[in-house]
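Let me give you the structure first, and then I'll get to my questions.
Lettered A, B, C, D and E in written order, each chain numbered from 1.
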Amino acid sequence: MAARTLTINGTLISARSNETVLEAAREAGISIPTLCHLDGLSEVGACRLCLVEIAGSAKLQPACHTTVTEGMEVQTDTPRLKAHRRAIVELLFAERNHICAVCVASGHCELQQLAVEVGMSHVRYEYLSPDCSVDISHARFGIDHNRCVLCTRCVRACDEVEGVHTWDIAGRGTNARLITDLNVPWGEATSCTSCGKCLLACPTGAIFSRGSTVAELERDASRIATIVAARNERW
Amino acid sequence: MTQTIVIDPVTRIEGHAKISIYLDNDGSVRDAQFHVTEFRGFERFCIGRPFWEMPAITARICGICPISHILASAKAGDALLAVEIPPAADKLRRLMNLGQIIQSHALSFFHLSGPDLFLGYESDPAKRNIFGLIAAEPDFARGGIRLRQFGQEIIEALGGRKIHPAWAVPGGVRSGISAEVRAAFRQRLPEAMDVTRKAMARFKTVLDASDEEVRSYGFFPSLFAGMVTPEGNWEHHGGKLRVRDAEGQILADQVKADAYQQLFGEASEAWSYLKFPYYQPLGYPDGIYRVGPLARLNVCDQVGTPLADAELTEMRQRAGHRMVTASFYYHYARLIEILAALELVTQLLDDPDLGSSVLRADAGVNHLEAVGCSEAPRGSLFHHYQVDKNGLITYLNLIIATGQNNLAMNQTVAQIARHYLRGDRLEEGLLNRVEAGIRAYDPCLSCSTHAVGQAAFAISLIGPDGRVVDHAVR
Amino acid sequence: MKRHQYRADALIEVLHKAQELYGHLTEDRLLAIAHSLHLPPSRVYGVATFYHFFSLTPQGEHSCTVCLGTACYVKGAMELLATLETESGLRAGSTSADGKLSLLTARCLGACGIAPAVIVDGNVAGHADPEVMRARVRALLDED
Amino acid sequence: MEFQDLQIMAEQERSRRKAIRIHCCTSSGCQASGALELFHQLQAAVEAAGQSERVDIVGVGCMGFCGQGPMVSVEADGVLFEHVRPEQAPEIIASLDGGPCNVKQGDHAHPFFARQLHIVRRNGGVIDPERIEEYIAVGGYQALYHVLHEMSPAEVIDAITRSGLRGRGGAGYPTGLKWATVAKSPGERKFVICNGDEGDPGAFMDRSILESDPHLILEGMSIAAYAVGADQGYLYVRGEYPLAIARLQKAIAQARKHDLLGSQIFDTSFNFRVDIRVGAGAFVCGEETALIASIEGRRGQPRPRPPYPAEHGLWGYPTLINNVETFGNIAPIITNGADWYAGIGTERSKGTKVFALTGKVRNTGLIEVPMGMTIREIVEELGGGTPDGTPVKGVQTGGPSGGCIPEALFDTPVDYESLAEVGSIMGSGGMVVMDATTNMVEIARFYMEFCMDESCGKCVPCRTGTVQMYRLLSKISAGQATAADLATLEQLCHLLRETSLCGLGQSAPNPVQSTLRYFREEYERLLRKRVTINLTSR
Amino acid sequence: MNRLKLATVWLGGCSGCHMSLLDLDEWLIDLAAHVELVYSPIADQKTFPEGVDLALVEGAIANEEHLELIQDVRERSRMVIALGDCAVTGNVTALRNPLGEARSILQQVYIEHGDPRGILPSTPGIVPILLDQVVPIHMIIPVDLFLAGCPPSGPRIRAVLEALLAGTPPELAGGFG
């Protein structure tokens, strides 16, 4: 694989030619916040948190979806990017009902962690306070739509890794919401294999295991990548 | 001309309240009302959530006694799962509740009522607070602060944090306690005991000089309710309900928590967000009863620990009656309970079960309805849940300790007002006495705005002069 | 579906056809479509609810669609809609309890030259006058 | 089919024409005003008058002056009738022989017509869109023949490049460049897509073109397919345009019958099929990658670009996407030459642009004008100002992605760069006139509601930022906002523009920003000092 | 030395943040040397005084009294700190927001769950009218610092107070829940 040299935040870095800016940055120890990205899954570029500045391009580009090129000059942490990231995290907090204090994922939540990373002291936007439901009809898992950020990591894990596609998104815009099968209660979704990959993939407390109490839900989302890697090797 | 005196807000209590005192033309007190002005709606917004989240959510009802809610809620959860929790879990829950009794009672006695008792009702309002007490009696105040700290640290050692620990869960508890921590607590017990006994001694001198307060700060006959052990002893966690009247007669005994509705009903009034629980057989408003430290000590036969029992005997002697009906004695009862709690903590820390790692029982939803009950520092607390087959809450009712003292607190306010206010002179210190009367109950009004019930409701028709013209109860 | 050789990418065409045939899409039909096109049910549902054209609830016997495109908006479409909402007692997007009438809105019919435009049972009426439309809606509601 | 066959068909068609041709507009706008009934009455009147030998009644496409519809024109004499009612049909027929006629007459010399230049719309109102013969009679498909037999794909692309044609869908990307990219992208297959998902409220140019001259678009697509090496095309048309869909279906069938679509077109090795895909009500599908997702039968959600569809499009193959009006310019450019086209318009914006002129303007309808005409000329001369003489306040161009241009800037010429400079965009061609009574905050709110409803929900800034912006605009509009709210609104404009995934979100702030730029006092007038909150009712 | 005038305010919340403040335990005694507590639920002043240097506000804005009080707090304080998640985000206090109008919630809580002839707490001037939506305090007034947490731990509160007393900018970001 050919190598590419580029600079990220002024530091000279070499990367493989097919790598994304995100991968190259992480290998170089430069962290770029992400939410919809999960190693092992396809990229959708939806959360916009990993946007970076690339010299010569007026538009900001998602690091997860941009391949490195020779001589590329990337900035990942400018004041403009920081302001945007903070605003995006605030928008997410305002969109549904994220009550960290009483959330199963508190302390182990990527959104909560992002708030710290981007320096979100408070949310400047109006809380939309939608009336969302909780579905715990599944024998092992539950989903609380109040905590869903529509990152579609569960949809992709289910479709791409488990190969089932129990999950999808219904509706659109801010009315979009996760569904299982034909919008049936999860417990009635016959396609579900109860594999739990959606639970692993979920960045927040939206998908949880039944009986999880506050701050108790610990998961290791990197297991998705491990499963994918293991499978690719075997095949 | 009629006149209304409003005390707004009532301070040094745990919550948002105000008091209206209605005066007649001649300046005499016609009536007084204690208004709770906060409402949060837990009964509604918990619907649709899994029951296993309830301990953490309902803990947020109150930052002073979150443990009571966590425990009552976890116990309701145990019952929905229909499991008997591991013995270690039960004992650890007891230990945490004892920690809470210590911290909450210390808070009430030193931080909130201490300024009245030791600085005086008429002292400078600007300094009549814990900082004033620190300035005036640094060692005494420091002792109180450290006693509260001891209680909070028991909670923290078990639950990982002092306030709102997510620890007790349906089926048991999430973590145990190490031998090292137990040893550390054992070392601190003597100091806590010492502070308590010194406070007890200080209080008795105050009590000796408070004859007027004893006779006016809520001195009236009423029923008392609280939990007791199967033997009829003092109980703070588990146990069953007992109701005694002012003469000591047992009206109900060993009633299980899930039958609370046979004992208690709830009424509401237009002038307070806090409901008015009453003893069902006597109806509203005649079924006035009191809960909390004094009630627990009134309903039990004895505490069951030597130091506390000795003090209980002394308290009954001082009051001159087996049943202590003066609410001023709540302060005394609180200190006795701290003593009892410290004695029980001493015992529990040595309990071999505490080292067990079996802490949590697991099961599916086996019952669709359950009531969990705990003795909160301020009295019996009921969490009543109904769930669907998956475990989503479909109905939730909470009977809060402080609510059950609502009728008594209203009567107390009126009694103090009548005793001290004559209309011609209204001094701040006199009004502070009205508040001090309320503080004796240590009302926790964060908790208090959540009760709902299938209870009867009172309707008051108030005439143009503000007078209650008619009163109907159903 | 046969016409589309049961190809997955024919989903939207098939949904169009089903809606045309039955008026709206029921869950049974969506499931049947999912099976024949070999698509996950959640994907079919996701697509059916993404597009405004598809309806999962039955529409009224008659329909009255007020265009809220810019040209119509500038020419008083909101007032017109308010008049019809009052007259029918329906909120835009809903169907009367007796199933007589659905009062709908459209994003732009592309009939801007004759704004404001209203479609009643498939027929476009241009330069729509609130009073005239009110009478037409009343007539549809009162029809036996 | 051979070139000769085309000429024979054209000759036959011309020779069977009768002495008098009466054109009756049957586009959907006029249909809504009773044009179909009028068409039948005209036929009946001809028969009743015993004029069948001499007079032909032809249902034609849009004449443009939609506000005056239904319209009827008598060919040769150039008499134009407006607002014709069906019962007036006998009068019109009688007038052919000098009978009295009280039907309102229009005037071809009216600036509305006189100042236009028709390239894309040259057949609108002239031919029957449902008969391929009529298209062929006016020279249709000759450009395709010419291209297939006399030009290499590279030459075609070169011609389009030299013509200076830029995408008419809004962004103005050079068409030749796009074609060249697709042509050189490696792929086993390639596709050509015509974007007929005209979603901007206030725009109906594409609808009218498709309804009036469907073969023009098919021919343009075919030429494009030849140039880029595609063998399959898709026409993605809004579901709201049933008449356009019906006429396109008919046109495709006719073209296939005459081997103008299908295999070995004009006896060359060029094969090209076209299928229609009907949109289902999603504005975002106007975005290329969302449109592709929709054709693939998926939720119409965009994906990040690059890779661009030109390299990685439908099912991963190189795909050319142009909009209806762009394809409408192709055959004329081939026929008349790139230089001819490049001679029309301005330095950087060539040719003509079709606009839907609507709103508070006397003459509403479709106009096609050379690039570089000023907004003032369009609004005041072609449009005739406001109907009741109320002063004009501004025009909105480009729909929810565009902006409002105040009257003071009406001397701005219509071209891509100039419009962008004043904070708007060319867009697909909606032009809505607003008068002094129009509330600009409400207009901004209207567009924001549109964007909010049409956001696909994929990327965070657009999905929920539009909701926040809509709420802020509602708050301002209701007089409950503070200066801090306005500042938040402006920050959100900036956020959405820079971080949204696709054009919908990136341009959603345009109406707000442009109204803030030119009509800020209308916002500020509504602000208050202190936060107010509605208390619940007791 | 002129002591800092400190006020603590409790709006719609559980008092956990005040308890956390009290969890500073013996450091309170040190604090007492630097500040004068001029308004607090644990002190006896009934009206919010003028000239406050620092106001710690716990709880969200849930009713009309909170709305009035918070305006006074802002006008009379040099610095306002939102203390804890309810003040910063609305938190659990705002959990009723998705249910809509406050009136219908009261109706359900006081009437539908019981006797339909029951009465709603409603006496004007006595029980404050609820806002339909509970909002964090910065939605009503400008806030100088945000200290999140449910509650923020004693040490975190102490760190902020120490920094302020020393005149250095405190670390505040994050820490929800």
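The rule we apply is simple: a contact is a pair of C-beta atoms (placed from the backbone, for glycine too) under 8 Å apart; a residue touches a chain by one contact, two chains touch by 3 or more.
Going by UniProt, the chains are A = Bidirectional hydrogenase complex protein HoxU; B = NADP oxidoreductase; D = NADH dehydrogenase; E = Oxidoreductase.
Here the structure is a predicted model, which is why all the values come from computation and not from measurement.
Listing every chain that touches subunit A and subunit C alike gives D.
Counting steps between touching chains, the shortest path from subunit C to subunit E takes 2. When every chain is reduced to the mean of its C-alpha atoms, the one closest to the centre of the whole protein set is A.
Across the assembly, the mean Cα position most removed from that of subunit B is the one of D.
Chains B-E form the pair with the most C-beta pairs in contact. Distance between chain centres (mean CA atoms), subunit A to subunit E: 34 Å. Between subunit D and subunit E, the centres computed from C-alpha atoms are 57 Å apart.
Centre-to-centre separation of subunit A and subunit D, using mean CA positions: 39 Å. One simple way to say how far apart two chains are is to compare their mean CA positions; for subunit A and subunit B this gives 45 Å.
Shown for subunit A are the residues in touch with two or more other chains, namely 101-102, 124, 126, 169, 171-172, 215. Touching two or more other chains at once are residues 43, 46, 50 of subunit C.
Residue positions 91-92, 95, 98-99, 122, 130, 133, 135, 139, 150 of subunit E are each in touch with at least two other chains.
Looking at which chains touch one another, you get A-B, A-C, A-D, A-E, B-E, C-D, D-E.
Residues 93, 97, 99-103, 106-107, 112, 115-117, 119-124, 126-127, 129-132, 215 of subunit A are the ones that touch subunit E when the two sit in their complex.
Interface of subunit E with subunit D (complex): residues 61, 64, 67, 71, 101-103, 122, 129-133, 135, 139-141.
If you check the complex, the residues on subunit A that touch subunit B are 101-102, 104, 133-134, 136-137, 142, 187, 210-216.
Residues 28-29, 31-33, 66-67, 69, 198-204, 207-208, 238-241, 277-283, 294-301, 356, 358-360, 364-366, 396, 399, 430, 432-434, 438, 446-447, 450, 453-454, 456 of subunit D are the ones that touch subunit C when the two sit in their complex.
Residues 48-50, 52-53, 55-57, 60, 164, 166, 169-170, 174, 362, 390-392 of subunit B are the ones touching subunit A in the complex.
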